[in-house]
Amino acid sequence: MSKALKKRSEKAGLQPGALFYLGDREARKADVTVFDYDEVSFTEQKVRAVEECIPFRDRPTVTWINVGGLDVDFIEGLGACFNLHPLLLEDIADTEQRPKLDEFEDYLFIVLRMLLFDEVQREVVGEQVSLVLGQNYVLSFQEDGGDTFDPVRERLRNNKGIIRKMGADHLAYSLFDAVVDGYFVILEKIGDKIEELEDELVVNPTTEVLQAIYDLKRQMAALRKSVWPLREIISKLERIDTKLITESTKIYLRDVYDHTIQVIETIETNRDLLSGMLDIYLSSISNKMNEIMKVLTIIGTIFIPLTFVAGIYGMNFRNMPELDWAWGYPLVMLVMLAIALVMVLFFRRRRWL
Amino acid sequence: MSKALKKRSEKAGLQPGALFYLGDREARKADVTVFDYDEVSFTEQKVRAVEECIPFRDRPTVTWINVGGLDVDFIEGLGACFNLHPLLLEDIADTEQRPKLDEFEDYLFIVLRMLLFDEVQREVVGEQVSLVLGQNYVLSFQEDGGDTFDPVRERLRNNKGIIRKMGADHLAYSLFDAVVDGYFVILEKIGDKIEELEDELVVNPTTEVLQAIYDLKRQMAALRKSVWPLREIISKLERIDTKLITESTKIYLRDVYDHTIQVIETIETNRDLLSGMLDIYLSSISNKMNEIMKVLTIIGTIFIPLTFVAGIYGMNFRNMPELDWAWGYPLVMLVMLAIALVMVLFFRRRRWL
Amino acid sequence: MSKALKKRSEKAGLQPGALFYLGDREARKADVTVFDYDEVSFTEQKVRAVEECIPFRDRPTVTWINVGGLDVDFIEGLGACFNLHPLLLEDIADTEQRPKLDEFEDYLFIVLRMLLFDEVQREVVGEQVSLVLGQNYVLSFQEDGGDTFDPVRERLRNNKGIIRKMGADHLAYSLFDAVVDGYFVILEKIGDKIEELEDELVVNPTTEVLQAIYDLKRQMAALRKSVWPLREIISKLERIDTKLITESTKIYLRDVYDHTIQVIETIETNRDLLSGMLDIYLSSISNKMNEIMKVLTIIGTIFIPLTFVAGIYGMNFRNMPELDWAWGYPLVMLVMLAIALVMVLFFRRRRWL
Amino acid sequence: MSKALKKRSEKAGLQPGALFYLGDREARKADVTVFDYDEVSFTEQKVRAVEECIPFRDRPTVTWINVGGLDVDFIEGLGACFNLHPLLLEDIADTEQRPKLDEFEDYLFIVLRMLLFDEVQREVVGEQVSLVLGQNYVLSFQEDGGDTFDPVRERLRNNKGIIRKMGADHLAYSLFDAVVDGYFVILEKIGDKIEELEDELVVNPTTEVLQAIYDLKRQMAALRKSVWPLREIISKLERIDTKLITESTKIYLRDVYDHTIQVIETIETNRDLLSGMLDIYLSSISNKMNEIMKVLTIIGTIFIPLTFVAGIYGMNFRNMPELDWAWGYPLVMLVMLAIALVMVLFFRRRRWL
Amino acid sequence: MSKALKKRSEKAGLQPGALFYLGDREARKADVTVFDYDEVSFTEQKVRAVEECIPFRDRPTVTWINVGGLDVDFIEGLGACFNLHPLLLEDIADTEQRPKLDEFEDYLFIVLRMLLFDEVQREVVGEQVSLVLGQNYVLSFQEDGGDTFDPVRERLRNNKGIIRKMGADHLAYSLFDAVVDGYFVILEKIGDKIEELEDELVVNPTTEVLQAIYDLKRQMAALRKSVWPLREIISKLERIDTKLITESTKIYLRDVYDHTIQVIETIETNRDLLSGMLDIYLSSISNKMNEIMKVLTIIGTIFIPLTFVAGIYGMNFRNMPELDWAWGYPLVMLVMLAIALVMVLFFRRRRWL
């Protein structure tokens, strides 16, 4: 976050609407694909210049332009082409946006966070996805051209399900749904990690485990920040007074809403689990410590009276009859043994050993 | 939960509306019973194929089709027969749903969690129950054909109470009520367990007790997740603008609402009890530890000065007159005894012993 | 609570509206009194059968029928006579109700918890009070015929204040007010107990004190559960659109509302006090422990170097000139004294003693 | 609070509207002053009997009757004269009221808590102030005739500011404002105390400091209870649909609202500060303890090996060549010194000393 | 805060509307600059007397008067010139205001807190900024003439972006935006500090680190108090029914809103981080302590049995055959070595060392 904050604080003072890429991936040439379809026709095409998009825009079919990589110039061009508000373009480039829904006159603007699990770093990485839903088009902007949208592409290509029969709003819903579906994948990975940690917590509660618990807590907090605003976005989409979203799509939105709630509840459950694990960790560390101190103190305590007895017979009084007894030494040794035994038994009976 | 998450993350990418059974029971042939009744007539019949249900559907009497076991094919058939939305069918099969109420044009869809106490595992197990309430029919879907609905069946068969005089909405209410009544059975079992634990906590605070407390806390959290959404479901049912629910049934719904609140309050009370027990556990463990350390330290402390005295008369100075006294040895022993007594008295008076 | 839960879980499966007494007092013959009055006339009469109530019902005067003891048969009879809804009758018998207000077409139904202080057990006991407010009658149902309503009876008999000039709604308000007034008595008793505990906490923080604090916390939680819903009941009564409650009575309800808020605030203050006492208890226990450990350790620490010195001159080296000095022994003793003094002074200066 | 609760619980059962002074100051003859003014005329007069107030009531000028001391008879008389509701009079006498606003047809009734700092006891004391705002009069009731209203009196006498140009609502606002201004004085005193404590906490964390922190926490809680309801009172005053409050006064009310929020925020900040101080206290106590234990244990630990060495050469084996060496004794002493030094260095390097 | 509270408590009793500078900077001659512009013309001018502002007020162009330094006389003059409410002027001078928005008939009044990072003291300092937005003018009041507004001035001078094309509302928005942008700078500085502390926490957890964490917590709390109210201010600005704010500016306000939410979320994240650091600090301190105690106790525990053995052979019994053995001494030394080794191995195996 610090890096983004630094960029943003450099940006302070620029006029609003100025495009400025905030993410930490290198800005680069955009990787743009256009899908144009209706129930019967289907075109998929890579484009390099904004101008190539214009013919699709003007057709009555549904057009989906997916822009991978935040190429500021391309975004500005596309913005001009689709008549998008400069603040909207700024938000696309500013990749530390909170998920949100903005209504404009002719289109809706939705910002989401797509989450991916980096198998190498073994941690969750986020990527901003911006959607613009117009009358018969959807524009989507990704930082990387991640593969979360692949199932939607497949369904479009193969005309699977009802997606090709529906309008642009259903496409936007499908992309939204794909993002939320991605959260379940993440939650599964994190769930596995939590289970691993739970086992290790019992066997070997090291500082690494503690660190891992804290890391997961931080990841859950980040996840929560990405998912929590979705609730209000979807509610707003359902209530919104716009022609852009049809009644039949609203039923599907309710479905995404349910999934979002499930994600949120799993997050909360995980947070509770992690807090409980933290408690158990601390309690087991302190138990272990106490156990050690107890055993050590008992050993010390048993020998102290014995040493005292030895000290007595180390005194140099002339007149100590016991010293002259033939059985004095073995007797004292027996007495000491007896004392030790009595103490051990006493500790046992009190369940201190 | 991890297993369901895994299944769900596999499901990510499928088109919405695709049926996919998420539970961990084996999917199998459905066990379907049809009840068809009005005040005078009553039919109860097992059916094997969807087609057998159609005649019941078309009669003016109230029809209740109870589907036990999530047979995806049968559910799809029934969905086609009653014209149910594909997303609704998906939700029936997706057994990790949060309790919810969805309004459709011709019917209401209610998802509940039925809770049963597994006497063998001694833990609470949940099962999803989906209800579809139409004009003159109720469809209910259970993962297992649990016996929670038996009292309702009995009342239908014996024409007990007003149930046969009322419409499909009253039947749906009765099923809802039966699910909520089941929570009281669970709460009683858990209450018994808590009482057992409270006694054991005083007698013998072992790690097993701690583990049991944490288990119960987790079960209460799961229970809470099942019950909490019922409040808003019932409120919504009371406010809903639909012909499907009559005024007289709304009064009965208020009754279920009160029961739900009672369940929630008992859950909250139990959570408080368990938190308090956790505090007492930790405090009693630490008290026990401190008690041990104190007694051990006192024993050590009494002997240290005595050992010092013995050390003095163990010195080899030539000129130590006491050593030559005839009564030197017994005198020193008496002095030591006196020191020990004074210390014990001192500790007693300060209430350290 | 466990007993009531057990009964309720037995009840699970009965048709709704079935009367079933849930409390732990023995169900017995009801003790029924009828008051019938207006500004000039006044009748007070014990009745044994429901039929005796009918003439009072039909008169234009205000009729108050107070039923003490949950005699299920009598309640059903009275219900039939006043045309009460079966669910309402069920709620009267189900004495684990949460305080609530239910509106019916011709009457309002209010459930309250009356709290009494059992002087023998020294704890708070609760009793459910149900009120039915109709056009010109009030029915009240108590588990026991407790004496909380006595002041209202006195005012009716002696025509004190405005109560006989007002309608049934004012009577219902007076009963409500009497219940809330009873809470202040309870709070006073509990306040006294808290003060006692605070004193004992300083003088002698034993485990009994801890137990007593936890008991009071539990009682405050129970009290809270009884009082908290009253807020919304009164608000609802003030907003309700019914002829049953006149404007002038609403002003009086506002007064009960203020008292309820006062009760709630006192409860919250007491909860804070008890939490604070718990903190002080734990802190004082741990301080005491630390104090002990410190003194013991210091004693040990002072003697260890001394014992070491004694040990040196207990060594058997042939060539130890000090041993042969005439003043060797007293010198060493002085040295030891000096060491001990220096250490005590050092500990003093560091404020460890 | 206990005393007031006791009185209230004695009061339980009295008819509502019965006047009963709850405070712990002695009820006594009221000290009543009347101010009557408009922009040009001004009268200030002490009155002894209610009858003397009547002529002022009937004049078109603004009349302010300030009653200091809760003389129940006088209040009842004034109530009759200004046609006040009996419940209102009861609330004036019941000095444990929560701050509130009650609307009546012809007047508004406001209860506030005036807070004063008792310089002798060094603690905050509260006093109930009740205001009745009618068309052209304000009645104010104080337990003591405290001096918080003096600035308002001065402004009236000297015709300073706009107060004499405005109506009764502005006067009521001014009194309200004077009460809120008083809170800042209290907060300053408490702020000073907190600063003192913060310094002492570092220098000398004694149990008195702990007690003082708890006392301040309790005072902040009491203050909070007095101030918190003011927010909703002022909001209600701004929204209220009454001729009694003019638009121009509403702007001034917004100003009091801002001050109230400031008071609340300062209270919350102080509560946070006190909680932080509590944490620091506990942590510093435990640090001190640990420091002591560590030093003591280190001293012990250094001498234990040395004593062991001395013990070895105190053994009486015939064949111990070292004992006969001429340099045996000094050599052993050097060895011991070396051991001690090594240990001290080891502890130093590990930063344990 | 204490100083401001002191001033405010001195102010208690003054008539409302009296100007009284509450800040701790010295009140001094104001440093006033006027910007007057439209799309084509642009004037920037320093003024010394209120009269110089009048011609700008009457022109149709947008006029921005920026007053740096709270010169009470100048503010009163400007207030008279622009017909501002006396309470508004009081709020400008009272620099401990909470951020707020007040609507007046002809203008809006906004209070903000500008935050600057004092590089010398290395802490956040706040400064109140008050904005008055009228039909074609904006008045801004700063305690110091800080440089936060410089980017806006630059954009005005260079006619960069759309600012000169828009009205006074856009200017007010720009100033608001500049203040919020300043928060990102602060958050970056604090973020750097937190990172530094996190590193130090691992390497060297001293009391200074603890103090620094508490300081940052306090700064975050102050920051929160400044930012939190902005949410409701902007929401109110968007909903407000006034001609002063145009639709196009509302879109820009939504942008500031998003930034505000981002600031709030970063603050909350930082608070969580700091709380976590506190936990880690406490846990690492206590771990270190425990580690020390453990090692020391182990050393003690190993030597206690050895000393006991030495004590045995220091006894003076006549009949101790071992003492006369030729190999007695080396044998006992070996036995001791063996005991020590066994104990070390035992501790190792139990992972206590």
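Order as written gives the chain letters A, B, C, D and E; numbering starts at 1 within each chain.
Here is the rule we go by: contacts are C-beta pairs under 8 Å (C-beta built on N, C-alpha and C of every residue); 3 or more make two chains touch, one makes a residue touch a chain.
Since the structure is predicted, the reported quantities are computational estimates derived from the model, not experimental observations.
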item	value
Shared interface partners, meaning chains that touch chain C and chain E	D
Third chains touching both chain E and chain B	A
Numbering shared by both copies at the chain E-chain D contact, with half separating same from different	different
Inter-centroid spacing, chain E versus chain A (mean Cα positions, whole Å)	27
Chain B-chain D separation of Cα centroids, rounded to whole Å	43
Multi-partner residues of chain C (at least 2 other chains)	293, 297, 300, 304, 307, 311, 314-316, 320
Interface residues, chain C side, partner chain D - complex	150-151, 154-155, 160-163, 174, 177-178, 181-182, 184-185, 187-188, 191-192, 195, 251-252, 254-255, 258, 261-262, 265-266, 269, 272, 276, 280, 283, 287, 290, 293-294, 297-298, 300-301, 304-305, 307-308, 311-312, 314-320, 350, 352
Complex interface listing, chain A residues touching chain E	1-2, 5-6, 8-9, 11-18, 85, 87, 90-91, 96-98, 100, 102, 104, 214, 217, 221, 225, 282, 285, 289, 292-293, 296-297, 299-300, 303-304, 306-307, 310-311, 313-316, 320, 322-329, 332-333
